[in-house]
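Got a structure for you, written out below as structure tokens; questions coming shortly.
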Amino acid sequence: MTKRLSVFLGALAFVFIACTPGDAGGDKPSFAAGSTMATIQASGKLVCGTKFDVRGFGFKNPTTNEVEGLDADLCRAIAEALGVPPEFVEAVSANRIPFLQEDKVDIVASTMTATEKRRLEIDFSHIYYVAGQSILVRSDSSIASVDDLNGVVVCSGEGSTSEKNVRDKAPTAELFLTKTYTEAGQALADGRCDAVSTDDTILFGLKEQFTDTKIVGGAFTEEPLGIGIKKGKDDLVAFINTTMEAMKADGRMVALYEKWVKAFTGAVPTIPF
Amino acid sequence: MTNPQVAIRRRRVDGRLVAVAIVAGLIVAGFASGAFPPERWQHFLLLTTWTFLGQGLLVTLLMGGVSLVLALVIGIPLAMARASLTGPIGWFISGYIELIRATPILALLLIIFLGLSRVGIDLPAIQAAIVGLTIYNSATIAEIVRAGIKSIPRGEVEASRSLGLSYWKTMRLVVLPQAISRMMPALVSQLITLMKDTSLAFILGAQELIGFGRSFFTFYGNVLETYIVLAVIFFLINYPLSLVSRRLESGRAPNERPAAIPGGGLPIA
Amino acid sequence: MPFFPPALIEHSELFFQGARTTLILFAFGLAASLVIGVFMASLRVWGGSVLASLAGAYVEFFRNTPLLVQLFFFAVLFAPANLGITRDPVVVGVIGLAVYTGAYVTEVVRSGILSVDARQIEAARSLGLSQVQSLRLVVLPQAVRTVIPPLGNVAIALAKNTTVVSAIAANELIKVAGIIETRNATIDGFIAALFVLWAITLSMAFTLSRLERRLAFAR
């Protein structure tokens, strides 16, 4: 009797394990014990920090409750390669590096510029997009270049490279620092600030969202975007780079550009790695 | 002869009806004049809107509920310790309670969220918010409970002790049951404050009601309308609580109300 | 950690600006909330049933909804594209804090007025005092005494609530601490901000408890 019960329980346990979402594919890739990939696999999910309010890169759609965009799909591709589902966490400019360092997230794909200073704190994957800082103004604005930002109220993200660039290039601009770019776009649309200055990737999305605006002044910086990984996880960096190379080879990378970037810029960028 | 009491009450009710009519009239006029464009409101008629915002509301209610239970579990013993312990430990507890009550809750939440992670304790925003709300509210509840205990006449405690009841039995059978019923209005008021304070978790990046609301108006571009709806949702949670608090308070003779509770637990927002 | 953290020395000007903004929010917010509160309480008590109900609706709505949502709402509503009242987040903060705190002040002042026995007014009137005189000489001195302790608590709550205005990008202490945190990766700014805020709230709480004791004796 006891034996039969234990067989039954064993079978039940087997069914349970077999039904766990991560195993649904069956052919889950295996990694060396102790590697970062094995740890992520054991945790059952890839926790990925993205923006939730940047159209085309990381945007939470209230009709589907899914996070959409290039950053989000990169996370999905990496999660798929690991054989686990992705879990999205909102990573805004101010908190994304702390999130990585404190292991609140496994990776950050959050329109993050791979700067030399940040490379001292965290590691980056291959550059997947080269953005440039630009300026978004209301359609009727006379602001035409970065020099015109002097003396007006400029919205930018708290803790972003954009904020620093504005301080360097337009020293008398009055900064209105927001936690998210939606707030910045909202403030521009409301007239609480006169310009939003940050990466064109974000501005494209804001222009879409707040229609009575225009992008001016061209790109006055070069912002290479990479996926952020905590220092000391070299194996994960290598794994992500390999995954991205595979996506380049089989056309998935270009497909993502077609899907997300082309709508804003009208062109499919060349793959920068 | 009409009863003047009834006449006054009737006038009050009529006034309220007129006031409601005025507010309703203003809303109708707003829609009619185009100040509230219907295309900015129509998305609130969709079912997906409510399943979406509902997820955020669930997180908000969960944060409030869990923090309340934890704060009661910590706050009541803290109050009893403060009321009965003397000497350095008593001073320490009093000092702790006063210091936490003097702390802006947003500062507390940010220091916990950012500070704990710097010493290697990793908490997501929602959990960090629950920790902060619990610390803050346990101190506030301790103060409410202490005032409740203090409002029980000393004579009752002495009488039960002289009847041979132990300190704990006196507390459990005589003091606490009376004290709890006296401090209920203040406790319910504190729950309202707690529910409002959960909104601050949004600043830590928690995806609660306001976070979902933000995603919603980012998508549909109806920011003012969404904030009004969010405020109304909070009002629908808190207003019934405030009625309960007032009902509990008015059901009690004035001399039974613990005077030490500021304004019957009124402000401390 | 040295006594004065380097991040604070580097951003000392910013930090002092933050402290100044916090004090502005508190002082102007308090003054405006007292004006609103006394006005609304008068409506509640003497305004007739319709105005009293409208004032009551104001109190209930603003006390039962989060300050954060109110501030977000006012920031957008007052902006040039909508009502065009102001684009300055500090001004929005003062108005938002005043409207929110005013709801609490209303209830405090109202209970202060009601604490004075109505028969005293009748007595004062029958002694030949005018309506205004009896309010000023009989009701007010007694009401003020009842009102001071709860009003002190409201003021302390207001001082704490100034921190929420950081969410609409007003550069008060908490916002400034956040900027320092993102630039220098340190929470020292928050700790320093907390000490300044404690200095404000604890000194008020101390003064209040002494005042309360004095008032209790005077009764």
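As written, the chain order gives the labels A, B and C, with residue 1 at the start of each chain.
The rule is simple: contacts are C-beta pairs under 8 Å (C-beta built on N, C-alpha and C of every residue); 3 or more make two chains touch, one makes a residue touch a chain.
These figures come from a predicted structure and were not determined experimentally.
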Of B-C and A-B, pair with higher C-beta contact tally: B-C
Central chain of the complex, centres being mean CA coordinates: B
Per Cα centroids, the chain farthest from subunit B: A
Interchain centroid distance [CA atoms averaged], subunit A/subunit C, Å: 41
Subunit A and subunit B, separation of their C-alpha mean positions in angstrom: 37
Centroid distance [mean C-alpha coordinates] between subunit C and subunit B, Å: 18
Residue numbers of subunit B (touch at least two other chains): 114, 203, 223
Contacts with 2+ other chains: residues of subunit C: 76, 82, 178, 181
Shared interface positions of subunit A, touching two or more other chains: 98, 186
For the subunit B and subunit A complex, residues of the former touching the latter: 48-49, 52, 55, 114, 117, 122, 124, 203, 205, 207, 211-212, 214-216, 218-221, 223
Interfacial residue positions of subunit C with respect to subunit B in the complex: 48-50, 52-54, 56-57, 60-61, 63-70, 72-73, 76-77, 82, 100-101, 104, 107-108, 111, 149-150, 153-154, 156-157, 159-164, 166-167, 174, 177-178, 181, 187, 190-191, 193-194, 197-198, 201-202, 205
Touching residues on subunit B, where the partner in the complex is subunit C: 11-12, 14-16, 18-20, 22-23, 98-99, 101-107, 110-111, 114-115, 118, 192, 196-197, 199-200, 202-203, 210, 223-224, 227-228, 230-232, 234-235, 238-239, 242, 262-263, 266-269
Subunit A-facing residues of subunit C, complex: 75-76, 79-82, 84, 87, 89, 169, 175, 178-179, 181-183, 185
Residues on subunit A engaged by subunit C in the complex (per definition of touch): 93-94, 97-98, 121, 153, 158-159, 176-178, 183, 186-187, 189-193
